[in-house]
Every structure is written in C-alpha cells, then in structure tokens.
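Below are two complexes that have subunit A in common, paired first with subunit B and then with subunit C.
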Partner chain A sequence: MAEKRRSGGGTVMPDSKSVKSESDKEFLSQAGVGVLLRDALLKLVEARSEDPIGFLAEHFSNLASESESGPVGGGGGDGGEPQENTVEEQQQLSRALWHLSLAHHSQRSAFNNNIRLAYDLLTQCGSIQRVPGGVQGRIYTEMLQCLCSEGGLSGTTAAPLLRRIRCHDYEAVPFELFRQGVQTCTAFADYIRKSQCLYAAVASRPERPAERSLCRAVLATLEEALDTSHGADSARFLEASAKISPAKLAQAMADVRGAGEQQEGPTMDAREFEDAAAALFIARVRVVI
Partner chain B sequence: MKMNADRFTLPTDDYLAETNALFYLSDAVTQLLEHREEYTQFGIVRYFAEYFTSVKNGNHVLFREFSYIKATPHNRASFIHIFWKCYRQIGKNGDLLTVLEYSSLLQLLCPDFPAEVVQNTARIVLMDDAMDCLMSLSDFIYSFQIQFYYEEFLESVLVIYEDLLEGKNPNTVIVPTSSSAEPLSSTASEDMDTQEGVDSFVFLECIKGLCERFKHKHPSISAIKEVLEGNPRVSYYSFLMALAKHEGISQDIGALPNRSDLLMDPEMDQELERLVAQVAISPTSNSSSSAAGLKEPPKKASPRKSLHQRRRIEMESDGSTEETDSSEN
Partner chain C sequence: MTGNPVDCTVKSTVALQIGDVVSDSFRPGVYITDVVFGEPVNIQEISFKNSYTAFLTVRVLRKEAGSEDGSTKWVTCVRNHCLMANPHTEEGSQDYFSIYRQQMLTQPDNVTTVRLIQRQPSSVWLNFNIEEIKIYPLVHEDSERDVPSWLSTITPVEEPLDLNGLPDPDEVSSSIQQMWALTEIMQSSQTSASIGRFDVDGSYDINLLSYT
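After this line comes the complex of A and B, so read on.
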C-alpha cells in the first residue's frame, strides 16, 4: 500500500516525461495489468470469437465477479448457506456454458480448451466439501441438460440421450468423461439439426409430410453410414461420408420410388423421423461405467 | 463488428488486426493510466469489464476526443448513433439549424469535433450552395453519416470526380469507352459544358476501381451502382446526396433507423426529454465561453451573435412547444 501511494504521488510532482513513463510502467506491473491483458488476448486468440469486443467484455466481467465474490466455495468454511451456494453454482454453470459456446465443436483444439476451462470452473463449485475426483455428478447432469437445450433440442428429444449419459448425483466425473459427455451432447444437437434438414429435403414440400417409404430408405442409409466397419478413425470417417453422400441417398430413394410406383403411400411426420434418427445416434453412445 | 467464419483460418495477427482488439486494449490502458487513482479504487479488472461493455454498447465515444471517435468504424457508427439519440428531439420539434449550430451540438458531445466535417456535411445537404441555409435534423444526420463514416472514401471520390471534370481519365481500363464517347461529346460539347457533372457510367467504373483499394471502408458497390444508374450524368454533391438517402447504405452502417422511423421511438421519448433538458440547460451556460474559444475562425461575424440569440429563443420556444404538446395530450 505504502509503495503504491509513493508511486502515485511521484506522478503528480515531477513533470518530466521519463519519470512519468517510468512510474507508469511501475504502476502497470504492480497492478498486474500486463498479465491480465496477456491472458485476455490469449483467450481471445484461442477462442477466435465472432464478436471480439463482446468476448473481452464478458471475459473481464467474469474475472471481476470471480475476484469480487472471492474463491468460490472456499470463503466461509461451513458457514456457506445453501442458497448462496446455488447462486454461485448457477453463476459458475453459466460461465462454463459460456466458455463452451465460444467455439464450435468442429474447431477441435479451441473446443477442447474450452471444455478444460469449463471443467476447471465446475470442479470448484458444489457443496461445502469438494468432490475429489472431478465435477459433481449432479452439476454435470445439469450442465448436459443446459447444453442440449442451448443446442435447440426439445426436452423429449434430449431425454433418451441424457438418460444414457447422466451420472448419479454423488458420483465424481473425471475430465475425460466430462469431455466426452460435452462432445456427445454438442454433436447430438448438430446431428439432430442435420436430420431435420434431411427430413425437410425428403418432404420437399413443407406443408406435406414426407412419404414413409422414402424416410425409411433415408434412415436405412443413415444407419449404414453410422455402422462403419472397424479400422482407423480417419478411414471410418471417409467410409461413412461416402456412404451418406448425396448420390447414395438419391439412389436409395430412387430404388424405393421405382418399386413403389407413384401411389400416395403412408407418410411419416417430422417428429417420428427425428426420433428415429435420434435413436440411431443414441444406440451408438457407449455407456462407461 | 461481427466477423465471418473464416476467422479460424486467419493468422493470429490478421485476426487481431481485423478485430481492432489491440486498439481498444491500448486505449483502455491509456485511460487507466490517466485516471489511475480512481480506477484502482474501482478495481482494475472491473474497470476493464466496464470499458469493454461500454465499447460493446457503443456509448464509449461520448465526450471522447475526435481522434478516438474517428479511429474505428465501430466508433464512428457509435458516435452517429449517439448524436441521433441526443438530438432527435430537435428533429421532433421541427427546428431548422445552421452549420454553426450543428457544429456546436457536435462539440457538446466531442469537444474538439472539427467544423470542417460539419461544413462538408452541409455541402451535401445544400448541394454546395447557399451554405448559410437552415437544415432539418433528418437531412443533416443522414448526410453527416455518409460524410463522417466514409470520409476517406469520399475524399478519394472527389479526386476522381475532379479529374473526370478536367477531362483526365484516372482509370486507364475504360479508355476505349471514353474515346468512343468523345466524338459525341465534341459535337455536343456546348451542352455538356453547361450540364453539371460527369458521365455516370465512367464515374461508376472509376469508383469500382477505388473500392478494390478501400477493402471494406466503402458503401457496397451494388448500392453505388443503384445510385448512379438513375441518371446519365451526375455531379459530386448530387451523388453524395443520393448516397445519404440510400436506405441500404444506412442499414449497412447500422447507426440510424430508416428515415420514416427517425423521429419515432415512443419508448425513448420520455427518457430523452429528460436527457435533452439536461444537455440543453447545462452546456448552454458554458457554450458562451466555449463558442468564444472555438478554433475555427467564424466566417462571418454576425452568425455568432445570432447563434446566441437564436439559442435563447430556441430554449424558450422549446419550452413553449413542450407545453403545447403536453396540453394537447
């Protein structure tokens, strides 16, 4: 404190510029501004936010509220009232979700970094005693729910997936599981969006539901693509994308058309198609115990 | 301020350059150093948070120096927006103001706002004629937007325009068209001389070349094309006027609503009445001193006096119109 005051007084008294810039530097390093800005820039460059100014505003606000509320969960020992805890928990949760929303999951390294940040944030919150091995199961499950609804999934679509990957409240979620859970949810949300587009394409006219036989053909193609044989990841990706290529899909649909002639067959509505597509995905989510 | 998806493939330096993030960070540090006592008490991290929140919301340019206001496209748009927010009431009252008065209004928001920009704006509104005429706020503000936001671009357009007027063709690519047009113009040269302006098509081609050099800092080429297509010949100021009136360009800048909505915003009315009252009362008492300290030499001696008289009359009439408004309600 005394030092700070001295340097502050120093700027007022002498007018010479060299002294001023010297004390400026001193002030900045004492206040930790250099470190603060370097961290912010690194985060920005890593996230490559679409709206950099908004990103910096959010980043500094988060930091400020963190430092103002003190280390979360630590503070008053067992004096922490349950209500306060949940408020803090919600703050941490929304901060974690904000980090996760910064980069699309296809931006692998940026996304993984953000998962790490979210994980670190969430391990710090929870009840009075922290769970040693990671994020509390209850918070983890809640976060996955939020991720799904932020991804535009309806409750009913997300529910089967969440049932599959959720944890018990008392469990501790280690990082690897946490990462996979997050990736599964974000990928699932994307997948459902894509399948909705697929249905719209099959239906061809928005006011009429799609033909059942065509939908079946598309879903079968989709299933086949998801069931790629074993082998290296990259090879499987290539194989899958070949199997779901527009040409393949068109062929599958043409085959059905050729067989069924031009009759007005039974139809399938968007909901059913989405559920069927979701089931294909969820069936391939392995549960780790 | 939004960026497109290829930001992930840009090199780091390019990404940062495109975002102006470094500009704002360094300004934030400069401000911090200037007011260190205050901000250290406030909390330095909180200060940075507030700084960037205000940049995001666009109220960071209020009362800042001109060089800052001009520094980024976002700052320019924010300033135009603030100008509109603060003085919309003038337009509502239907008051007409002179160049000098608009200049003073701008200087209330930015103390060193140069009169030159205001004069250039007036040239657009008044088509470079009768410069002491009165202007309505809506005429002024859209022209001001074009002048202030695209200043550098307009300067270069003026150079092109003057070259074309002198018969020089700054764009070598279109020499064939102009040479084929030459025999025509020689026969009709007397008409041409009396006619204002330059050939729109040639002008457009030259501006297209200019836009390539200006990267993003120009109105969209399709809008310029629309503006120029209407008339075979165009003068510099009628071109600028048409740009100012083009709603697409205004939407791209995003600082002002459409002309029809310019004065309508019932939500803001109440708050603004209070704000404008504050702005109108406190700075007019200073303006007698600040007007005396204006950097630019007043072109005529008389407008300055009339400015004060007018201002006083306005204040009174302001009050009276508000009274009549409220009595009507």
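After this line comes the complex of A and C, so read on.
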C-alpha cells in the first residue's frame, strides 16, 4: 500500500516538476535576468565594497531609474520645466559619481571604463540647450567639485586645483579632457592624504607640531625629485628615486638638525604643510585652455 | 672599441729596384708605402686590404719622448709579417688584415710616419699592393662615458648618522615616494586635449584679413 502510494506520488511529481522547470527556465531567459545578475556580480567583484548588499541595492536602483528616465529624458529635453531638469541633472550627476567611486584610479582599466560610463551619462543630461561635442562645462565643474569633496578635500585645499582645470558654463568638455580632470582630482585626493601621513611621520610626536626646518628639508627633497625633467623615462625615474631614498632623506634631515641644536625651533602646523605640499602638485597640473 | 680612424695621407708607392726604373723591364719585388700624420698619434691598430702582397714589414718614425722637437727615430714594429702562407698561391691574397698594438715589437706612440714595406718574392703575380689603409688611435677607456652624478651617491655613507630624535627615514621616504608617484601619474595622464577656448575660427585667417 505504501509502495503504491509512493510510486503513485512518484509518478505524479516528476511531471509537474518538469513542467514547472521548463517554464522557470523560459521565464528567466525571457526576462534576461541571467545577464542582469551576471552584470551585477561582475560590478560587485570589480568594486569590492565593504557593504555588498548596499552596493547591490544602489546598483539596481540606478538601473531602475535609468530605464524609466530613458524615454522620458528625451521628451523632457525640449520645453520641459527647468525644475524637473535640475532634479534629473542631480540624479545623473550622483549616478555618474557613483560609477566613478567604484574603482580606485590605480585599477587602470576598470577606472577608465567607469569614466567612460560617467561621461556617457553626463553627455545625455543637461539643461534645455544641450551642448554638442561633450559634457556641459557647468556640469563638469560641479562634478569635479563633488569628486574633490568626496575624496576628503576641503574647499580651500581644492580651490587652487579647480581654478586650473575648471571650465566655463557654456564650454563643451571632450572625453580626453574629462578623463584627465577626473584622474587629476582623484590623484590629488590621494596625494593630500599621503601628505597628511607624511606630516604625522615628520612630527613624530602627535601632540606637538613638526619642526619647520625638518618640514622644509623634506619638502625640498620632494621638489628636487619632481624636478628631474631631462632624459628618458627610465633614467628619470631612477634618478628621482635615488633622490628620495631613505638614506638621502636621513642625510637631509641630519644636516638640518646638525645646523641647529636639539632645542625647539620654529614649528610648522599641519595646515601650512598641507598647503605647501599641495602647491607642489598643483604647480604641475596643466591649465585648461 | 677601435673608434674612428685617424686622418692620414697615404703617399704613392715607391718600388725598390736596382737600376733604372724606367728602362729596365724587371718587375720589382718590394714596394714601400708611407703614411703621414698631421700630428703625432698613438696607434692602436692598422687595418688594410691585401692585394697579393706576401710579406709586410712595418716601421714607424717616432718622436722621442723627453727630447726636444725634431728628434725622431725609425723603429721596426712588425718584421716580415706573413700575409700569404704560400706566395705562389691565392690564399690570403685578397684578405683584410689588422695589426694590433699588442703584436708590435715596440710601442707605437708619438708616431708621425708609418712606413709599410711590402714584399712579394713570387713571379706569378703581375702586381701587388695593399689598399684601404686605416690607422686607429689609442682610446682611453674611462673617457668614453660619463657616470651620472646621482649614480655615484647611491651607496650609503658608512658612518652611522645620528638619528636621535629625528623622524624615521623609512616612513618619511615611503610617504614621499608615494606622493612623487601620484604626481608622476597625474603628469603622465596629461594630454594635449584642449577645449579650444582661445581658438579662432577660420574667418580671422591672416590671408583673408589682408584683403580688408
């Protein structure tokens, strides 16, 4: 009896299961979910964020808003209200910034891909007059400001850099310039962080500021290394790295210390050190013309 | 390593013959070629192309060191150097040869003239000669390349520096290296892309302006 029932149950179940599985597979392939999930997982692996669930949530919400604003965005371009456009603009901007935050600038190919995505996003958005040939200058400048603040730079630190690379509102920014600007801002954010570490190392005592002469000596070696300009790249790198080796730095610092006594001389605070270091970087940024 | 040959004048070959050169029909067996320099040379190498010469003797006219100008002396550097193993056969008859400083009997320094004495005892060949004579001077090895100044300062100083109270140079160096690298990255990503802010469109072309 039990066997009969079991076999009866056994014969019924595979049928319904196979029917179900076919429709399952069909359903998944029709919706294109496989591709969707694969893309999401690839992006997650690329970004390697600490909060995978939050990352996936943002990714899918971005996708959803993109797909729904796609057909709408074309209609809103001509004769739409300025308010709507600004909101849409802000959305596009935040989406572009999210893309740019996925990969660090040292992961070259991933970073370049993200820049491309952000550029495409930003060329589509804009106010009523869409600028052909690139991203609108106003949006570009705003994006750079957001990048700098996201990178932890204060307004005053980033201001000299932005003055060099900003664009006027009416100008169209081509892709090469866009990429260059983004790379410069991200590299600058890292640079300022490193300069803060450097100040902490030179100060060597967290509660007191660093000695001015030591700071000056350290910044002078960096400037000297940056100034090696002649020769082929490999020769230049070798020469510059010889100038900033630990031995050379120890020598420079000992020379400065040897000149004075062990007593406290004038000090330099963190703000001034950061500004001096930033000046070295910004002086080598090409002005946009 | 041999560098460039020295500029020299090769005088026309003189035949050593008994009797009158013009009337006698005997072919000479010895030819002499002189090579003269503008200023004294230290010879590293003599290279030439042989043309049926069997034996070669090289004599140099050397300025004597330590004596006043004008005092010169002939010395033999290479005596009866064999160019053709068998003077009657072809072997070595058209080869290129080099005679080096190390093969010579005396040091060919401060040389003003080189005399090449060619002998061909065989009567098989109508004529014999040596051609394309090049003389290379002695080059000092250390003057060839300059060592960059930074290379010589790489090895660390032996005496230990007084690092009392100074910040750790390794930490400082690593931060500076990263800052330098970031600046280099930024500089290398700079392209010549421009927005064309100051570009002027074609209607202000100089040629067109001149017609107004």
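Basically, the second predicted complex is superposed on the first by the 239 of 289 C-alpha atoms of A that agree within 3 Å, B and C clash if a C-alpha of one lies under 4 Å from a C-alpha of the other, contacts with A are read in each partner's own complex, and residues count from 1 in each chain.
Note that a residue touches a chain if its C-beta (ideal position, glycine included) is under 8 Å from a C-beta of that chain, and two chains touch if they have at least 3 such contacts.
What you are looking at is a predicted structure, and each value in this text was computed from that prediction instead of being measured.
In the superposed model, A:Lys194 lies in contact with subunit C only, and not with subunit B. By the touch criterion stated above, A:Ser67 is placed in contact with subunit B alone, subunit C being left untouched. Residue contacts after overlaying the shared chain place A:Val33 against subunit B, while subunit C stays out of touching range. Judged by the number of subunit A residues each one touches, C leads among subunit B and subunit C.
Once the two complexes are overlaid on the shared chain, A:Phe281 sits against subunit C while remaining clear of subunit B. When the two complexes are overlaid on their common chain A, residue A:Pro246 makes contact with subunit C while staying clear of subunit B.
Once the two complexes are overlaid on the shared chain, A:Asp120 sits clear of subunit B and of subunit C alike.
In the superposition on chain A, contact is made by A:Ala254 with subunit C only, not with subunit B. Shared-chain residue A:Asp169: touches no atom of subunit B or subunit C.
Touching of subunit A by both subunit B and subunit C, each in its own complex, is seen for no residue at all.
By the touch rule above, subunit A contacts subunit C in their complex via residues 105, 167-168, 171-174, 176-177, 179-180, 183-184, 187-188, 190-191, 194-195, 197-198, 201-204, 214, 218, 221-222, 225-226, 235, 237-251, 253-254, 257-258, 262, 277, 280-281, 284-286, 288-289. Across the complex, subunit C meets subunit A through its residues 148, 150-151, 153-154, 156-157, 161-173, 175-180, 182-187, 189-191, 193-195, 197-198. Residues 4, 8, 11, 24, 27-28, 31-33, 36-37, 40-41, 44-45, 48, 50-54, 56-57, 60-61, 63-64, 67-68, 107, 110 of subunit A are the ones touching subunit B in the complex.
Contacts from subunit B toward subunit A in the complex involve residues 1-3, 7-8, 12, 15-16, 19-21, 24-25, 29, 32-33, 36-37, 40, 43-46, 48-49, 51-53, 55-56, 74.
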